[in-house]
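I'd like to ask some things about the structure below.
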Amino acid sequence: MTGRHAAIAVAILAIAAAPWILATPYWRGILVLCAMNVLLALSLNLVMGYTGQLNLGQSAFFAIGAYVSTILIKSHGWNFWLAGLVAVLAAGVLGLALAAFAARLRGHYLAIASLGFAVITYQVLLNWEDVTQGVRGIYGILPPVPGTTGLFYLVAGIAAAVYLLLDNLVRSPVGDTLRAIREDEVSAASLGINRAAWKAFAFGLGAAIAGLAGIFYPGFVGTLVPDAFGIVESFTMMAMVIVGGMGTMIGPVIGAIVLTFLPEVLRGFGELRLLIYGLALTLVVLFMPGGIVQAWTALRARMRR
Amino acid sequence: MPDLLALVVQQSVNGVYLGCLYVMVALGLTLIYGVLNQINFAHADFVTVGAFTAFFVATRFATRMLGLPDTGGYLLSLIAALGAGAVLGILVNAAVFAPLRRQGADELRPLIATIGVSVLLENGQLALFGPIPYQFDSPFARETIRLGPIFFSAQSVLVVAVSVASITALYVFMRFTFLGKALRAVAQDRETAGLMGINPNLVIALTIVIASALAGMGGALLGPVVVLTPFTGASLIVKAFAIVIIGGFGNMQGTIIAGLMVGVIEAFTVQYLGSGLIDLVVFALLLTMLVVRPTGLIAERKEENV
Amino acid sequence: MIRATGLNKSFGGVRAVHAVSIDVPENSIFALIGPNGAGKSTLLNLLSGIYQPESGTLEFAGHNLIGLPAHRRVRLGLARTFQKIRLFKQLTLLENVLAGFHIHQDAPFWEHVFRGNTGRFRNEARELLAFVGLEDRAEERAGALPYGKQRMLEIARALATRPRLFMLDEPAAGLNGAEVEFLLKRLEEIQQRGVTLIVVEHNMDLVMNVAQRVFVMDHGEPLFEGSPREVQANPSVIEAYLGGEFAP
């Protein structure tokens, strides 16, 4: 347990120090983005990595979190936190809806259905202009706390809390159950596991966490347009989970950090951000399916010999 | 001809034309699934590559450098796109599908790998060609043929002709040649086919080449009709998947019927809905399909195999 | 213990199971045999809930099973293993067995979120591993085990659900002589702990030595039922197997 406590201490220190090490407004913005990506990667990892469900539509829940909260704040004058709570719940409910499909579908069918889910959500956001302003976008959105540094601490703090709760969850019998479903659904059922219910749980919780990331996004960017929530976002999340190491807790965190910072570090390659993601994803899947975590474990094992 | 009937016939003609385009794209997808049990997420991007290849061959190479007339240039570009698709298929098979098959990977990893390839292709082309749409004019698109009150462009005739020719050629190939039968054997039962002396890897490679070539040529036919950007193919993915699922994965006839169906539906509704909402309608249809009959309209229901 | 009448199940026009009625006495070892394609596995799938029959009745210890999904039957006390081993290959032996304790988890949800693993069933899981002789390999990956031991692990995992009725689909397939011996002894022991066993098998040694009643199927239909000795002597059974493992 002390190993875990030490890791938590290090994480807290790192979060506290980060905005002072990367002390320009630009880099602090990247930090906020990184924290959001960590949340998103954790959410997708719960569904894909631990429950084994191929979900390509996670961006839909990110979008719901962003839009529901923003609309409640802007058009109805709600308080940020109340609006955020409702938005997270809305995302969770939508996640349950997707789970209804997931219960019956496997592999490719689920992948395409979830993709369709994301596309439909995007089209609704785009075309329901009365409510969402469609392509015109919603402007002048304020973050819940002033200043980038404050926002970073808020989002990173929430991400850390979510990480700890999820970590507890996957180490518990709930985690065993999800992993069983991932490994072999039929024998999971033969052990009394209600697959449909647990998939719904995973999808719902994953969607809610993605929605949670979503409520901070509009305030960070200042404006809200549907284009930020397309298939590309889903693929990006997936790249982070897989490059980091799907099915582990720390993997998505690493993946999110690496894929957020890597394009920045390779200065002048800003527009090729997605190209890097695509390349990283393909190479990892081909040669190192367990991602960075696998590479690290293999390296440590080799050093021990 | 009474007006309403003329309208219906006109839209049906348009629908068949669109449908043929979609079939060219979706057929490759279903072929690959039939033989590999895998979805090639990058398939629609092969279409884009085909379209760009055709564009450059038609506008730069054939007419300027070879001095061919416009029509000849365009036809040449079709062949070039076919070739480009084939080459791309060989590359992706060698780099992605074959190694993963050797590793005995499950169905998840190849799917994700093709997603990676798709992102690579899209953004690679974005880097090469930029985001601004290209104007791909086909000389056939300018010619209009009139049959009574019905209008269609020479391009649509070309598309239908090429599609029908391709599908017929494919059909003949599958039914009557040895390789074609080998393909069907591998699609049905890879292990047994291997035991009967068929080299599944070769057959799979061949299938992917055919499928990708079809996609490439589809792109060449599609180029003049749509807005040509690096993301042209991606916008088709929705419909391509829907068609393959509705028709049944791996089911060629089903895919053809479904493709024509989607084309006709689009022709009739695009006036009222616009293309974005078309996507929505098609996908809503798809999702309904998945709930009601996941194995497609045509295929049989299969119980879980324990 | 479990009773079925007139079960019917077809797949695309092929009658896999037709007009099958069985009655398994409590705490017995009941064998289900028949040539390949006889429908034994299908029948087992009907009993365990992977398939629903088209018609017929199915009752277990007073509960009607028709329409009840597979995972709910496990809570009633039905457990099974599979003909093709379906372990969680990437998980350790211990994790595999722990998965079987799922239905006994009654801790409230928030306990999991805030306190994580309470390790309640670890000891019992280890005991089960010891029962099948695998306790010293508890932390190994299940996929790394040799075939025979994988089978025993599957049994240990199914036992974690604390079944009243345990159904095994060809447990001896691919096992060598010593492993079959071991399996036999384990099955007898499971029976002595009060569990009813249904065993689908090809291997006649297993059936003869261990079963109290034998049910023979052929082409999806019931052929004969009786004690092992009766079954062995029955001419139509011998004919159905024609040249099989029967010694006339």
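Each chain gets a letter, A, B and C, in the order it is written, and its residues are counted from 1.
As a convention for this text, contacts are C-beta pairs under 8 Å (C-beta built on N, C-alpha and C of every residue); 3 or more make two chains touch, one makes a residue touch a chain.
What you see is a predicted model; the values in this text were computed from it and never measured.
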Chain at maximum distance from chain C, centres defined as averaged CA atoms: B
Geometric centre: closest chain by C-alpha means: A
For chain B paired with chain C, centre-to-centre distance based on mean C-alpha positions, whole Å: 47
Between chain A and chain C, centroid-to-centroid distance (C-alpha), Å: 41
Separation of chain A from chain B, taking each centre as the mean of its C-alpha atoms, in whole Å: 32
In chain A, residues with contacts to at least two other chains: 186
Chain B residues counted as touching two or more neighbouring chains: 304, 306
Touching two or more other chains - residues of chain C: 50, 82
Chain A-facing residues of chain B, complex: 33, 38-39, 95-96, 99-100, 105, 107-109, 111-113, 115-124, 126-127, 234, 237-238, 241-242, 245, 249, 276-277, 279-280, 283-284, 286-287, 290-291, 294, 304, 306
Residues of chain A touching chain B in the complex: 54, 56, 101, 104-105, 107-109, 111-113, 115-117, 119-120, 123-124, 126-127, 186, 231-232, 235, 238-239, 242, 271-272, 274-275, 277-283, 285-286, 289
Touching residues on chain A, where the partner in the complex is chain C: 165, 167-169, 171-174, 176-177, 179-180, 183-184, 186-195
Of chain C, residues touching chain A in the complex: 48, 50, 69-72, 74-75, 79-80, 82, 86-91, 95, 98-103, 105, 107, 109, 111-118, 121, 157-158, 160-161
